[in-house]
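Chains: A, B, C and D, in written order; residue numbering restarts at 1 for each.
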Amino acid sequence: MSISEAVPAGPQTQAKDQTTPENDQLFRRLMETRRVSLDLAAPLSDEDQVVQANPDASPTKWHLAHITWFFEAFVLRSFLPGYRVYDEKFEYCFNSYYDTVGERQPRDKRGLMTRPSAAEVRSYRAYVDEALERMFTDVDLSDEALALVELGINHEQQHQELLLTDILALFSDEPLKPAYREAKMGVAADAPGELTWTSFDGGIHEFGHGGDGFFYDNEGPRHEELIRPFKLANRCITNKEWIAFIEDGGYETSTLWLSDGWSRVSRKGWKGPLYWDEAEGGFMQMTLLGYRPVDPAAPVTHISFFEADAFARWAGKRLPSEFEWELAAEDLPVKGRTLGADHLRPMPADPKANGLQQMYGDVWEWTASAYLPYPGFKPAVGAVGEYNGKFMCNQFVLKGGSCATPEGHIRKTYRNFFYPFQRWQFTGLRLAADI
Amino acid sequence: MSISEAVPAGPQTQAKDQTTPENDQLFRRLMETRRVSLDLAAPLSDEDQVVQANPDASPTKWHLAHITWFFEAFVLRSFLPGYRVYDEKFEYCFNSYYDTVGERQPRDKRGLMTRPSAAEVRSYRAYVDEALERMFTDVDLSDEALALVELGINHEQQHQELLLTDILALFSDEPLKPAYREAKMGVAADAPGELTWTSFDGGIHEFGHGGDGFFYDNEGPRHEELIRPFKLANRCITNKEWIAFIEDGGYETSTLWLSDGWSRVSRKGWKGPLYWDEAEGGFMQMTLLGYRPVDPAAPVTHISFFEADAFARWAGKRLPSEFEWELAAEDLPVKGRTLGADHLRPMPADPKANGLQQMYGDVWEWTASAYLPYPGFKPAVGAVGEYNGKFMCNQFVLKGGSCATPEGHIRKTYRNFFYPFQRWQFTGLRLAADI
Amino acid sequence: MSISEAVPAGPQTQAKDQTTPENDQLFRRLMETRRVSLDLAAPLSDEDQVVQANPDASPTKWHLAHITWFFEAFVLRSFLPGYRVYDEKFEYCFNSYYDTVGERQPRDKRGLMTRPSAAEVRSYRAYVDEALERMFTDVDLSDEALALVELGINHEQQHQELLLTDILALFSDEPLKPAYREAKMGVAADAPGELTWTSFDGGIHEFGHGGDGFFYDNEGPRHEELIRPFKLANRCITNKEWIAFIEDGGYETSTLWLSDGWSRVSRKGWKGPLYWDEAEGGFMQMTLLGYRPVDPAAPVTHISFFEADAFARWAGKRLPSEFEWELAAEDLPVKGRTLGADHLRPMPADPKANGLQQMYGDVWEWTASAYLPYPGFKPAVGAVGEYNGKFMCNQFVLKGGSCATPEGHIRKTYRNFFYPFQRWQFTGLRLAADI
Amino acid sequence: MSISEAVPAGPQTQAKDQTTPENDQLFRRLMETRRVSLDLAAPLSDEDQVVQANPDASPTKWHLAHITWFFEAFVLRSFLPGYRVYDEKFEYCFNSYYDTVGERQPRDKRGLMTRPSAAEVRSYRAYVDEALERMFTDVDLSDEALALVELGINHEQQHQELLLTDILALFSDEPLKPAYREAKMGVAADAPGELTWTSFDGGIHEFGHGGDGFFYDNEGPRHEELIRPFKLANRCITNKEWIAFIEDGGYETSTLWLSDGWSRVSRKGWKGPLYWDEAEGGFMQMTLLGYRPVDPAAPVTHISFFEADAFARWAGKRLPSEFEWELAAEDLPVKGRTLGADHLRPMPADPKANGLQQMYGDVWEWTASAYLPYPGFKPAVGAVGEYNGKFMCNQFVLKGGSCATPEGHIRKTYRNFFYPFQRWQFTGLRLAADI
């Protein structure tokens, strides 16, 4: 997923008269978000934090510095009078892809920066946090400033998820197979109940974000779509079901696959989800909790769109569209999960529950929808606008958030997007069908 | 575009009682189509016909033999009792991509087959044509047989277009820049009139093929879509307008491009449409009529989706969806153009005409629609079904047919599709906008 | 091997007084060489002659035109007053690598030139031959002119060998596996006798060309080398011996290979010489005489230096140095073989003969000598000089000429050179050992 | 350069009776060598030590662990009764290329091992050092054991040089351009005197190692070579002279280059030595002492064979053969240099000195000699033997050692070797000529 970011228009601020409950709450959320990032890095050594697993992933240290630089570049420089940047050279080091901001360390060489050290990056964070606190205390913040802080929070949350998926990518390639955290769960999960279906009527419905609260530009405009009657599975596809697909020759049957998918499977020799090994006694899987037997009850994860699509064809079903998913989620509460070791694995569905489960916070669910602009889409002004719309080609929409998505970051209209071959995120699937 | 092809179910036929006008007409169309293929190859030497321009293109000789093999493999073997194949080895040589049929010459090595000779391929065609004639005379053809003949005609027409675009690809890389045919037009075309707009109301409309006559499976099912009010340009974008885009720095301005498009432009060093050179005195272009100055009045062609999309952004407009195009074409006649040298170039719009022009038969018009299945899409049974649906990923829909599309092959619901970076077909664009 | 070529210094000539026997003989050799090139192309259709097998090979038509252009560019333009070039554009088409001469068709796109046609290239040859005849008749040729004619003859001979090896490369990739010529030999060859050894004393010996007659600059200067006592095998390694190497796991045993060789074997999946297939009943081989069972008695051919070196290590022997080979050939006559179908295959050693056999005209024998300049090497002046010395890096010397080397072209001091991974020439090996 | 390593034959030892001065000295050298490795890593943070600059380079931590594992695998396990390996998994992590020993971390993924930590690697070193000390105290070491300790010392010295060149490669790609050490030299060096020549007679001379003391198998056998009279430059080519080559268009003149070299220059866009930038005011260079102006007086370094060869051609001279270099060094003492910051840069020649300078310890000097086996070369038995001979193809010999070569490691007969395109070592050149 691409990170939306903003270049603010101008630097005017004025001295502070009073504080408001809204500002206070925003400030508390900001500090809480900042703290969570450090918490996520806490189990890692400085050595763990410097290495880049692959050209698509970034080092932990880079994430920690980049999201800090974001506040410096787009908030503090503009809205805190007299702010002095921590180190002018960090802009080159930790800018991600702002052509307008200037030159930067090449993306595939982020892991070569042993300097500045992780310790210095922590000092940088403290320096910026202190300045943010001063800004909230001393400055009467404009709506633009507040919006950029909100954007910075969301931006940092996105990088928190990437930090976790990128560490998993790194640890999976290490011979010692380190665990990011120790699992607290000692017993295997109950098997989920049988897969059941919920039906939905067709008709014209409204989709997309209506405009209250924070959202990314790609979630709007809110608009109507014509939906046909469909049914949706009550839960995600499990590892056990995925093993049945493997054992039925799913990865060797060209007719189940899109042409580009089959070409990828053949070229890369895929035989199962990313991070899976076939071992004596069954499948093993590298996870944030270490190298473990695949849990049959948990939702399958680390699969590409190509694999999700092939599975659905094998099952005689299809993937839902992004609108079908959103319609089904209409009245469901957005469930958060407690942060902690067990947060870092998709949870099995509850065999006793009725209705839709696992819609939020387990795996990003691939949809059948190409990632395209909504009717009337207008990119936001400035760099923000540049960086969502430009990816609207050759990617597919995912919904619902994963076990690595921070609480408070996900919502019904959220449109994540990845290329159909990518699978280092916590990606899975839920089936749909026409009725 | 991928070619739809079929493996027939079985070989039962029975002796002929009578002929019907429908069969007679089908037979005449078949022979006419077969003749056109040879006509298209007539300006070429045997040496021209053997060489493969690039891995995506095929030699003329291969096209001529492959479409002949199609009738042998899927029609004659099944429906003409006692038919003996011309040469058993040709199946390996001229099969395109039927995994179920067996091994075949690798696609990127089609140009290595100096044997069989072009002369022998012509004998092969005559042998098969004679057998087809015998079949129509002697056999009481089942509906399945007739449907496969119809499919074979459409298949051959698709390859006629590819034959032309592949020869252009070859000749463009030759230092002597041969002309495929001599142009008959001696004078430059009039400039088209100003670009004007036609407005369309929104609402629920039906799209896709309803089922009478021949069509590909990807054109159905006929279904409803919700359309928003829009307007469509009366004509395609001209070379003159494209030159304005170039001269305004279109190819150097990253913000106009999709991210994947910009990456392609940078990596490949694109500075204009395929086959264009900048020379003293203006732009030159390799065409089927030779190496000539770019005609400012003609529709721009040989552009990728990325370029079409960037142009539209530069112009403050957008590309139409495939449904908007189809709605606009609702009541327009499907215009054919006389085959001949001037058939082989897009024609300028008529400055005196009103309303939509150039909808059919000039350039394939890129739409904003990702090539995805229509709701309820079911692939056809057998190999036919395998080969349209499997490409429904990462490609975009094009409408309207080009100056190289054979008469009688195009229709309103026809969905051509290419990857967004491809541009060796006669591809252009027409603008749309919201109202 | 790179082709040595020359740019002459100037264009002065004078009218002819008399002819000389030497000139007459040179002219006859020139015309004979020109005729042989056409003879070699005679079994091929025009379609065969246009296609390029791979980026290292050239089309027959290109060879025929290039060696003709050589006489036009470097002889006729300079020494035949009033000569008019056949077509100015041919310089671009048929120049090989003369930076000083100008731009040219890219090497890997020589096979895209369907124009000029093969028929026109034959006209071009006739035009140039007629002019060469006129030059010999009318002009009193300077030594420089005569030297360039001699060079042109040798240059054409080199391309005759390449023409054959390149056609083999092309036909080997064709599904119909055409034979370039029909073999005249109806019976399998006798097995060669046991491999025996000839011993040679050490000491200081002279090597390299002394300067009489035509030779390439890389064959000189003549100079002394210190040789240690050694012995040399009486014949080349046979296919039968090579099969023993294969069956003993030669291609799977890393310790037999140079590191770069092992890496090539692994990456390319080599399991035997180029053009070999393992079939039921034994190994098959694509040859100029068609697709045939491997002849156990014939010298192995189409092997790389890496393979030759690995075989020698497996056999507990080594490859000879280029000087050891030359010393052993000291008093041997340079044997020519009659041109014809059987010329096109390496001949088995004669079991009844004593002493060294197969030194000339069967296979190019890999030596252990890196291709480096002889002490005091001075590149020839002009383009000739540029084009032998610049390849003196990362290649190995081969001696003796192959069954595709034209009569009269090979000599004891001839240094052919190829990269250690190349094997589309008729390359084989002879063992040596210390004593 | 490849590292020679050994697999010992067997594990027999016996209890110790007495110590010898030779053993004591060996033990002191061992401990000193072990200490130097840690000293070399001391200026680096743990983060610096984990990252791999590129696939050819290794992380510092890997070097430190690998040379430790060498003693564990080949010495302690065999000769210290009761020795227990530190961690069984380290064999996978820190084996370099011993196929016979087993599977290992892929070479290009050595930088992904954030675990074990640098601190744990230091513990591993202490554990092994303690065991080595115990072995020397308690065990009566066989000649084989002592030879393997000697080999381990030399092996560790080779990795010390690589550690330095690999850190330079890493730091050169970091935006903050860190200095490995601070330079002690505050003033620019004097310009060296004019380049002068020393002449040598030809004749038969002996070369290669005679067998006393430690040497690698590729240095033998000692044998005779025939040398022609030549002269050798008194010093290496300086940066100032190299700048003259650049400014004379050396990198743009194809005729100065070997063909493979020119192809590399063009493809990679080389415009000067590795680590050089052209800046306002002159050339800058990344060094172990930081990012600094190029010192005109110092020998040029970080050049490939291709560049050295092109320079020599430009200068109208040539590179010496490895034998010419060795002959010239015949009576010169092998000079060591004090370890320290200034050790890490090539030193300018002394303008007041006469005769050959800079033969040892400044830059590895490219020779014109392909890296091939000496006559009668027999690889050593076991893995040692496998790993020098197998690289004898496509590489060139370098002589003399560089400023990063540890004291005591270099000698007259030492044959270093690299591919002609490599330049991340401290490589330079000295001219030679015929007389």
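As a working rule, a residue touches a chain if its C-beta (ideal position, glycine included) is under 8 Å from a C-beta of that chain, and two chains touch if they have at least 3 such contacts.
Each chain and its UniProt protein: A, B, C, D = Iron(II)-dependent oxidoreductase EgtB.
Model, not experiment: these values are computed from the prediction.
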What's the fewest number of moves from chain A to chain C, given that each move must go to a chain touching the current one?
2
For chain B and chain D, the contact-path distance works out to 2
Could you figure out which pair among B-C, A-D or C-D mirrors the A-B interface, over half of its contact pairs being identical by residue number?
C-D
Find the chain most remote from chain B, comparing centres computed as mean CA coordinates.
D
Which integer distance in Å separates the CA centroid of chain C from that of chain D?
40
Separation of mean Cα positions, chain C and chain B [Å, integer]
47
Touching chain C in the complex, chain D uses residues 99, 204, 223-226, 228, 254-255, 257-262, 306, 309, 368, 370, 372, 375-376, 386, 390-394, 420, 434
Using the touch definition up top, name the residues of chain C that touch chain B in the complex.
45-51, 53, 89, 92-93, 105, 109, 111-118, 170, 173-176, 178
